[in-house]
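Note sheet for the following structure.
Chain naming follows the written order as A, B, C and D, and within any one chain the residues start at number 1.
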Amino acid sequence: MLYVSLQIAFIILTTLIVPILDGIERKIKAKLHSRIGPPILQTWYDIRKLFAKELVLTRTAFPILLVSLVMVGLCILTLLVIPAGSSWTFFSSMSLPLLIVLIASIHSLIIITSIVSDNLYAIIGGFRELTIGIINEIALIIALVLTLINVGLGYSDSQITTGIKVSYISAVILLAISSYVASGRIPFDLGEAEPELASGVLIELSGPVLGTVLYSIILKRFIFASITALALFLPFMRLLNPLLAFILFILLIIAVWIVHAVTAVLLGRSRVDIATRTLICVYIALISLSTIFIGVGL
Amino acid sequence: MKFLKLFVVAKKAGTVTRKYPFEEPLITEEFRGEIKIDPEKCVGCGACTLICPPSALTMRDEGNVRLIRYFVGRCIFCGMCAEVCPTNAITITKEFELATLDIDDLLRDLLHKRVKCRICGRPFLTTKLIKYANKDIPGSDNYADVCPECRSKLSIKNILKYRGDLDV
Amino acid sequence: MKNNDVKTLAKGSDKAVDMVLKLLKEKLSKYNVRISRAVANNLIVDVSRRHLRDVAKIVHNELGAYVRTCVGCDERNKNGCFAVYHIFGLDDYGVNVIVRTLAPANDVKVPSIADIAPGADWCELEFRDLLGINVTGRPVYRLILPEDWPDDLHPLRKDVPYGVRPPPVKREEVTLTELESPGIPVGPYHPALHEPEYFELYVEGETIIDVRYRGFHIHRGIEKLGESKLTYKQIPFIAERICGICGFCHSTCYVMAVEKAAKIEVPERAEFIRAIVLEIERIHSHLLWLGVACHLLGYDAGFMHTWRIREAIMKLAEYLTGSRKTYGINIIGGVRKDINKEKIQNVLKTLDHIEREVKELLDMMLSVPEVKRRLTGTGILTRGEARKLSVVGPVARASGLNRDVRKDYPYLAYKYVSFKVPVYTEGDNLSRTLVRVEEIFESISIIRQLLDRLPSGDIKVEKYEIEPDKVSTASVEAPRGEDIHFLITGKGRPYRWKVRAPTYQNIPALRPMLREQMLADAPITIASIDPCFSCTDRVIVIETRNGKVVSVKRINIVKLSRRRWPQNEVSKALRSS
Amino acid sequence: MSKVNIDSAVKALRKSIWVFHLNSGSCNGCDIEVLDALTPFFDVERFGIKLVASPRHADVMLFTGPVTREVLPKVIKALRAMPRPRMVLAIGSCAVGGGIWYDSYSVIGGFPKLKKILMEEGIIIDRVAFVPGCPARPEAIIYGILVLLGVMKPKSKKEVVTIE
C-alpha cells in the first residue's frame, strides 16, 4: 500500500513541480549569463497565460491538441512505470518493455505533431527529430537493458545486486548521455532550432495548444532526468527505507535536472549531420565497451 | 575543455543587471533627451524649425497665432535646435521616459501672438520677435509694426516723397 | 612602373594621381577619351558609349581595379543627357578612376559592363530602376523599387517632385493554395534575420542547392530626400540613419565628400575625434556581430556575455557623443563635441577593461565544440570569387584579399597610427570571425594611439562655401567593409548623392558561399558577411510570394526528405564513423 | 473585445509577456536596442518578457521602422497572425512619427498611418504605446512596455503654452 501511495504521490508531485524545475533551469541559465533572470515560477505563469489566450483554430490545431493531450497522458503513464524510489514492484520484467514502448511513443507523437502541420519549418524540424530520435532511441534502449543486466534484471527486490562494477558505470554513462539527448536540450534541440527553423515543430501552435505541448515537453524532460536518476539509484534503493528512498530519489532527479540545465548553457547547438555522426561514434564505443566489460565480468 | 571557463567568467562578472525602473538608468551626463523650450525666452523666430532634420519642430501661421510645434515622436534628439536658437530658449534635458498610449501626448505646442500690420491689418511677426529685434537694432521701432510688404511700399513711397516725384 | 615604386608611394597623394593619369593616358590612347583630374584622389575619364566596355576591360582587368560602384545621374538640365559614372578603385595607388558616359535624353541607354566586372551587377539595375537609364547586353529585372511601383516613374529623375507617392496598388498576391500555404508569415520576418529580407533557399534534404535573394525591403528613398528636401547641413543626420549600427561611417563619409568638394580644411583635432569615434563604432559593431553569431550557433551564453561587455562601449559612445547610437556629432567642417582630459582617462580605463574581458571571453567561446565545428569549413568564399565580385571588408580579408580603406585610401587621422590588417586565406566562417576578432584589438590599439597624439586646436570651421558641380567621392572603412559616398555638389544641397554601403557589395557573394551547405549553417553563413540590409536598401524592395525562406513546396520537401534523408544522412554518418 | 475585456486580458499578461520583433524598414538602431534590452544589463526576462520566433506566439509586437512600401503587405500579414488582444509597442521615431523619411516616396510613415490601413483591412489593434527615441534606449523600451501593460502611468502629457 505504501508503494502505491508513494507512486501516486510521485505522479502528483511531478506534475506540479515540473514547471518550477523549468523555472529553476531558466534561473540557472540567467545566473550563468550574469543577469537576474525570470522569477522561479515564470514557466508556470507562461503556461497559465497560454491557457487563457484565444484559441486560434488553424486547420491542424485540433489534431495537434488531441495529440498533445495524448502525449501528456503518455508521460503520466510513463511516470507510473518508473519506480518512485521504493522497489521493483512496479518495475518487473514487463515494465522494461513497457517503458521502452512508452518512451518511443512519446517521441513519435512529437514527430507526428510536426508532420501533421503544413509548415515547412515544422516538417524539417520533425525530420530532424526523427533522425536524432532513431539513433538515440536505440542507444537508450540498449543502455536501459545494459544497466538492468548490471544491477541484476530482477523479478523481485532480492535479485538486485549492490556492488558497483565497471560495466555498470559505462552503461550508466551511456544511459546518461542518451537520456540527455532525448530530453531535447542544446546541442540536440535540432527540431526547434530557432535560428533557422523559427521554433520548428512549435511554430504553428498558439494559446492552449502551445501550452499543452510545452507542458508535455517539460514532463518529458523530467522523465529522462528520472531515468538517469533511476539508473544511478538502483543499486542503493534496496538498502533504504522506502520513504527516505522516495525523497532521495526526487532530490536525485532534481540534481540530474540541474546538471542537464548547466550542460545546456555550456554548449552550442549542433548540426544534424555532425550530431548523428558524433552520437553514433560515442554510442558504438560505449555499447561495445559495456558489452566487453560484462563479458569479462568486470 | 576551455568552455568550462564560463563559470569563471560568470562569477567574475557577477550579476550586472540594472534593476530599472527600480534603480537608476544607465545614462551618462552627456545624454541628449527630450528638448524643452522655455516659453519665456522663445521669440518664435523659427530658426529651429529650419535646421530640424526630421521636421519634428514645425512652424505654422494661422490667423493671429503662430504655432511652434514640437512633436517628440519624430524627434531624433540631435540637439541642433539648441545650437541655433538665438535666445537660448531650447535646453536639452535627459528625459527619455516619454512613452505614452496616446500619440497626442507627444505634442508640445507654443502659441505665439502675432502682431497685426499697422497698415494692412494682416498679422505677420510674433510680438516677442519684434521686441527682440528692436532690442538689437535700435531705431527700427518706426517700422516694427509694419509687415514686410507694406514696409517696402512705405519705403518706396517715402523715397519718392523725398525726391518729390510724388504728390502726397 | 615597377612594383617597388608602388609600394613606397604615398597612396592617394598628388604623385600617385599623376602616375595613374600617365598610366591611363598610355593604356587608353587608342580610344577617344578625355582624362581630367577632379577633386582629391579622383580622376575622371570621359568616354563615349561605344568605348565604355573597352575602357572598363582595361581598367578592371589590366590595371586590376576593383569596382567600387556605379552611379546614374539625371543631368538633363545641365547638358541634356543622363550620365553614368562607373567608379573603379586602384587600391595600389589609392586613386579612384571615375569613368563617365553620357546618354542623350532621347536615347537613354548604356552598354552593360556587368559581364566584365560582376561587381557592377546591382548598381546597373539600380540606376535602371531609379533613373530609367536602360542597360543593354544583360538580363534586366526590377531590383529596387516595390513591385507595385509604376513602370514609367523614376523617382530620382529631377523632374519627379519629392512628394510624389503613387497610391499602393492592391497586389494580386500569389498565395499558395490552402494545402501548400503554411498560413503563417515567416520570412521576411525570420529570427535569423533581424531585418526584413528574403532569402529563398532551395534545398534538397538539408543541403542547399541554390539561393535567391530578394532584398531591398528597407528602401526609404534617402537619396531623393538628400537631393530634394534637406540641406547640406541636415544631411549628416540622415546619413547617420542609413544604418543604426555603422551610421557614423556614413555621416563621416558624407561630410568628407562635401569637405573634399568644397576644399574645406578640417582641423586636425576634428579628424582625430572622428577617427576615435569610428573605431569605437567598429568595436561595438564587431562585438554585436560576435554575440549574434553565438546566438545563431545556439550558444546563448556567448551572446549574453559579449553584449554585456559591449554595454561598456555603448556607454562610452554616449559619454563621448551624447547618444548611444546615431551619435550626431558630425557636421561639415568638423565635429560638435570635444574630448577633454577627463574623458581621455575614462576612455583608456574602459578600453583596458574591455580588452581584458574580450580576450578571456574569446578564449572560452572559440573552444566550445559546436561553435568551432560549425564555423570551420562552412560558407567558403574562394579568393577568385571574392576578387571577381569585388567584395569588401572582413569578407575580402578572410578570402585572402588585402583590402582596407584605412590603408589603401588614407583618410582622417589614420596616417598617424600604425596598425595591422588581418588577412586569412581560408575564406570560411571561422576566418571571417577571426578577422573581426583581431580587428577589435587593433581598434583598441588605434584609439590608444590617437588619444595619445590628440592635437590641440579647434574642432570645427564655421565658414565655408560649397561650389556647385564638383564631383567628389569619399570612402570609409566601415565595420562591414568599404563604404563609399559619391557626391556632385549643387546649390544648397547635393545635386546627386549616392551611397554604396559595404553590404551591397557583399550580398552577391552569399550565393557561392551558401551552395552545397547544410540548411542549418545558412543563418550563420548569411550572418558571416555581417549583412546590414538597411544600409544596402537605402533606396528599395521586391517579392511576390509571401515570405517563406524555404520555397520548395511542401509535397516536394516531404518527398525529397523521404528520398534523400534521413537514410542518406544516417548512412553517411555510419560510413564516416 | 470591449474595453473591460481588454483591460482584464492585459492584466492577465502582466507576468508573462511574449514579444515578437517586427522590423518594418528601420535603420537597425532600435532593433539592436531591442536586443540589448534582452542582455544582462537590462534583462527584460526578469519581467517575464520573452522574445519569440513566431507572431502566433506573441502577446506584444515590438514594432520598429517607418513601414516601407515594400514591407506593408508583410507587416499586415504578421499582425493578422497575432492572436487577440493585439498589443503593439511602436519603438523609435520612425515607428511613432515616420522619422526623417516620414514623407518619402517609398515610406508609409509610421504606425499611426499603418493603423488606418489596418482598420480598412479589418485588423483591430487593441492597444498601442508609443516610445519616442532615435534610437529608443533600452530603458525607454522597458518603460514603454510597462506603460503598455498599465503598470506605470505615462508621464508625457500634451503641452500647450500661449505666449502673449
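Heads up, the rule we're going with is that contacts are C-beta pairs under 8 Å (C-beta built on N, C-alpha and C of every residue); 3 or more make two chains touch, one makes a residue touch a chain.
It should be emphasised that the depicted structure is a prediction, and the values quoted were computed from it without experimental measurement.
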| item | value |
| --- | --- |
| Longest centre-to-centre distance from chain B, chain (CA-based) | A |
| Winner on C-beta contact pairs when B-D is weighed against A-D | B-D |
| Distance between the centres, which are taken as Cα means, of chain D and chain C, whole angstrom | 29 |
| Distance from the mean Cα position of chain D to that of chain A, given in whole angstrom | 38 |
| Chain A-chain C separation of Cα centroids, rounded to whole Å | 47 |
| Junction residues of chain D - those touching two or more other chains | 39-41, 43, 46, 53-54, 56, 99-100, 134, 137 |
| Contacts with two or more other chains, residues of chain C listed in rising order | 184, 186, 191, 237-238, 241, 301, 304-305, 308, 311, 326, 368-369 |
| Per-residue multi-chain contacts in chain B, two or more chains | 3, 6, 10, 13, 15-17, 19, 26-27, 53-54, 76-77 |
| Chain contact topology (line, ring, star, complete or other) | complete |
| Contacting residues of chain B [partner chain C, same complex] | 1-3, 5-6, 8-10, 13, 16, 26-32, 51, 53-54, 76-80, 83 |
| In the complex, chain C residues that touch chain A | 178-184, 186, 190-192, 206, 294-302, 304-305, 308, 368-371, 373-374, 518-524, 548, 550, 552, 554, 557-558, 561, 565-566, 569-570, 572-574, 576-577 |
| Chain A residues within the chain D interface of the complex | 26, 30, 33-39, 42, 45-46, 48-49, 52-54, 56, 194, 198-199, 202-207, 210 |
| Parts of chain C lying in touch with chain B, wherever the complex brings them together | 230, 233-234, 237-238, 241, 301, 305, 308, 311, 315, 318-323, 326, 328, 336-337, 360-361, 363-365, 367-369 |
| Chain D-touching residues of chain B, taken from the complex the two chains share | 13, 15-21, 25-27, 34, 39, 42, 44, 53-56, 71-77, 96-101, 103-113, 126-128 |
